Amino acid sequence: MSSVWNWIAIPRHGWQFAVFLCGALVIGCAVLMLLTSTPPRYRKTIVAAVTFLAGLYYALEFLIPPALWPLKPPRNPLSEVQPLVATLTQIIWSFALLLGVWNLFLIHGRAVAKHGRGWYNSAAFFISFFAILGAGLLKDYAKNAGLSKASESIFTVLFSGFLTSLDATMFSLIAFYIVSAAYRAFRVKSLEAALMMAAAAIIMLALVPVGAEITNWLPQAGLLSALRVERIGYWLLTSPNMAAQRAIAFGIAVGSLAMGLRIWLSLERGNFFDRQL
Amino acid sequence: MNVLEKLQTIDRRVLYLLIAAVIAVPLLQRPSRHPRIVFAEVRNAYETLQKVPKNKIVIISCVWGPGTRAENEPQTRAIIRHLLMQGTRFVILSWDQLGSQLTYEDASEISSELGKRYGTDWVHLGYNPGPMYAIIRGLGKSFQEVFKVDRFGKKLRSIPATRNVRDYRDIGAVVEITPSGTVASWIAYFNQPFDVPLIFCPTAVMSAEAYPYLDSGQLDGMLNGVIGAAQYETLIGMENERTYAAAAAWALSCAHIFIIVLIVLGNLGYALSKRSTRRGGGKTIG
Amino acid sequence: MSQASQYASPAVWIVESLLVFFILWKILSARRGRELFIRRIPGLSALDEAVGRATEMGKPILFAPGLSGLDIVGLQSMAILSHVVRKAARYGTRVIVPLADPVLYTVAEEVAKDAYNAEGVPERFNPEDVRFLSDRQFAWASGVVGILHREKVASALYFGYYFAESLILAENGQMVGAIQVAGTPATTQIPFFLASCDYTIIGDEYYAASAYLSREPTLLGSLVGQDLGKLVIIGIIVLGAVAFTAQALCPNVGWLCDLTATITKYFPRS
Amino acid sequence: MAEWLAAHTKTLSLWCGALATFAIYSVLYAENRFYRLFEHIFIGLSAGFGVYVTWSQVLAPKWWQPMVHKGQWQWIFAAVLGSMFYFMYSKKHAWVSRVIFGLFMGLSAGLMFRDFYEIYFPQMGASMKPIVGNSISWWDSVNAIVFYAILISSMAYFFFSFEHDSPVVQKTAAAGRWFLMIGFGAIFGATVMGRMTLFIGRLNFLVNDWWPTARVAWQYRFFQTAVVLAVIAVLVQGFRALKARSKTFPPSA
């Protein structure tokens, strides 16, 4: 068994490399073909089995301590292969990152082809996509020094000029919505809303330096110092808030255990999960 | 209609201009004064990093990108400066495609300012797509095998700073700088099982939820948003420098007061208009 | 720390088996047809009141599922939508549903149609009322704002996964004077809904509300099992607290010190 | 060309950044074409940059180079597995993608046992606080009592499987919702602070990075002309948008 494994693990070069690579590709495609032609009634079982086995790896890796494995010296063999699992999942996962790109290509490709309203926006999508990708690849791989230098400048302008500014500005829009909502929407309609807003106001003052200035007329030590805004706010954060957040956290703890079990054992029901594969 | 009621009909765009003006003043002025109060969790973070032995490295794990740059970059810069100043080696690990570029630029800038060198004092491991759990879990067993190369494709075994890093035994602390709920992965798969200290630098939005973990000691310290960064700067001896974090702390002070005033005014106007509605009888809003 | 802490201790085996047992037991017995009880949560009454008020005023209801897609949160939002539409159909009140996810849009259309059928008034279903606006966050939000103002909505219901657009919707709902009821598992948006809505369903209540309305056995069973699990946690904490208090009161009793040391070993504090 | 670009990269970046910032903020006035265009440029740039980084920092050094340069042909299997994701676009064979998604969902579900232990066992341990004792101050006692009152009542609020008909349970759960409000107040305050910081970051860019270069540029006549033209264009566009908008619904919406 191990000799077969070793034979597979040997790096190949030259024509051997080509043969092995093609062979592996053929085998891979054959497996995929086999999967696509699996009869529908077995499909759910296969997905459930894969999910279960994948989960079993990490479950046993934790639940069975080294002493219980029949190995000398005592160790958990599943822990040993963790670096390999890390590398493998990382690479397979990075193939998935292109999924979103594919989706965007479909949507904007259709918009450009149809020439409908706002098609130029979709064209701008494609132009900016290829501009930054091209500039990035050229700066790394171009043999010509001038070309590589120019690409690097273009890349920098696209990245730190446009991309980072656009991203940061998009996120910062929310600040404005908070401002107008503070004025128009946050109404103290009930006692519980009043309590929440009071706690929020004290904590908002306690967090920033001006909070310490507001109650600076109170002494720094002694009983009265407990009334300083920053003290009250910090106490609210570290005592009542901590307890409330922990209560929520325990709910999440049990909830995610239940969710994990439902996924691991494929117990989830509902129209999405029951659909015929 | 009195003044308060008239105020109710203010256009929201006027409010937008007002908040911009309120914030711009401290930014233009750039005060050097840092917050006088340093929260316990910030001090603990500082002391934890202070105690990291010189033969160990610190992992700075950055999940942030440009979207939350205003909060996470000052934290990252303060931590990097502290580590470079005291000569503790560190590696930066980025989980965000854009952030990987930004964190590299930050570290390069501070490192050349302090006369330190890439490779001997610090290393950037580049962008990692995840899945985070698998990578963090594998990291405890073998640092070299999981990361292999730095952001330039150079073997970690051939870089002085990372040459001798084997596994969790050579990692003195982890600093997680993040705008999302990723810190649980470090707690569960690395810091708790291997008993390595963990510093948490979240955006303010997530800070309130972190207090149970500070209480239990699963987090050894925390820098809460840009305020945490400003407080940290106070600790590393920058309290009299005109930094962005200090200016932002004062700008935030103005913003918070402005918001509280708006809420109070809005509610007063609302209460009044409700009262006059009742007197007028049956006039509903909208 | 010793190598042992990386793996499950006997305490882990006991506690986790107990939790897993409770959850699986309740899920499986619910699926075998056992009736499980969950209480009616107060937020649901607020929901019914909102429908009632729209009927009285003769104005439409807005039901916005946020940016939810076809995931657990989105599907549970559809269970609540079904309840609202059935109630409204009975009184002939319109329900407008703006969507941000094209896949969820098809599901919502089905759900609404089924609800009208179930009430025996299929002719009242107007396909125009279930609308796909945009999959872009702020474009969707400004579309919903337009609906709020044009249609003079009497009740606005926000159930699903929300991000920053929650603020824009709640502000404009307030401006048109609508009764607003919200429910979301997104912790960062809950405070804003609490501040601007008439009633807010918080955190886990969201899942309970939809399980209560949909009667889906897996969800019901899971909720009941989770309750038992939380009781286990409370039990452990209370016993621990008693042990530590006893030890603090009598610091010199040997067996108490041993007991607290054992607890600390299995429930480590860093 | 390359030299000129290299020499002006910084200035160009600043100007592009300012343009992008103003374009996005224009949505605060009203949804407009300018905003939509930049929104699409943003999507395009971030997708393109994502592909570039994934290739140059992950796939090239960790997959392509070991495979092609070191003869580790086995890595091709990773590509086969990775290709399974793309079956989701085929109506007929979409289920193949469910296999690989199932694998990743299973992996993260399998971690739940460790998660529960490493994250929540210490939380339980830290919750066992002594209430009274010789070495415990009155302030610690108060805090411990506050802690238990809030923890237990808040957890009781989220119990769903029994009727809240006994007054004790009812009162406890009601108190739980009240205590939770303090927690949500903390989240509220923290969220406001976080969002404001992001805006401060942008304003800082405009005020301290871009404005100094804009003042330098103001010395040139052609720049002054360009600014005046841009302001007129914005005003005209804004006026038209306002007119179109007031027909549909109130301007303050």
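Each chain gets a letter, A, B, C and D, in the order it is written, and its residues are counted from 1.
The rule we apply is simple: a contact is a pair of C-beta atoms (placed from the backbone, for glycine too) under 8 Å apart; a residue touches a chain by one contact, two chains touch by 3 or more.
These figures come from a predicted structure and were not determined experimentally.
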- Partner chains that chain A and chain C have in common: B, D
- Item | Most extensive contact between chains (C-beta pair count) | A-D
- Query: Comparing centres built from CA atoms, which chain ends up most distant from chain B?
  - Reply: C
- Quick one: report the Å distance separating chain A from chain B, using the average Cα coordinate of each chain. 18
- Approximate Å spacing (C-alpha centroids) for the pair chain A, chain D: 10
- Distance between the CA centroids of chain C and chain D (whole Å) is 22
- Query: Among the residues of chain B, which are close enough to touch at least two other chains?
  - Reply: 12, 16, 19, 67-70, 98, 128-129, 131, 134, 148, 192-193, 204-205, 208-209, 212, 215-218, 224, 227, 252, 256, 259
- Hunt down the residues of chain C that sit against at least two other chains at once, touch-wise. 6, 8, 12, 16, 19, 138, 164, 175, 187-188, 191-192, 194-195, 203-204, 230, 233, 268-270
- Query: At which residue positions does chain A touch at least two other chains?
  - Reply: 58, 62-63, 79, 87, 89-90, 93-94, 97, 159, 163-165, 167-168, 170-176, 178, 180, 184, 186-187, 192, 196-197, 200-201, 204, 207-208, 237, 241-242, 245-246, 248-251, 253, 257, 261
- Could you classify the connectivity of these chains, where an edge means two chains touch, as line, ring, star, complete or other? complete
- Would you pull the chain C residues touching chain D in the complex into a rising list? 8, 11-12, 15-16, 19, 36-39, 41, 136, 138-139, 142, 145-146, 148-150, 164, 172, 175, 187-188, 190-192, 194-195, 202-205, 208, 223-224, 227-228, 230, 233-234, 236-237, 240-241, 243-245, 247-249, 251, 263-264, 266-270
- Could you pull out which chain D residues touch chain C in their complex? 27, 31, 39, 113, 116-117, 120-122, 124-136, 148, 151-152, 155, 158-164, 177, 180-181, 184-185, 187-188, 191, 195, 248-250, 252-253
- In the complex, chain B touches chain A at residues 10, 12, 15-16, 19, 33-37, 39, 65-70, 98, 101-102, 128-131, 134-135, 137-142, 145-146, 148, 204, 208-209, 211-212, 214-215, 224, 227, 230, 249-250, 252-254, 256-260, 262-263, 265-267, 270
- Message: Can you tell me which positions in chain C touch chain A when the two form their complex?
- Response: 3-4, 6-8, 12-13, 16, 19-20, 23-24, 27, 31, 70, 75, 107, 138, 164, 167-168, 170-171, 173-175, 187, 191-192, 194-196, 198, 203-204, 207, 216-218, 222, 225-226, 229-230, 233
- Query: Can you name the residues of chain C that touch chain B in the complex?
  - Reply: 1, 5-6, 152, 175-178, 187-188, 268-270
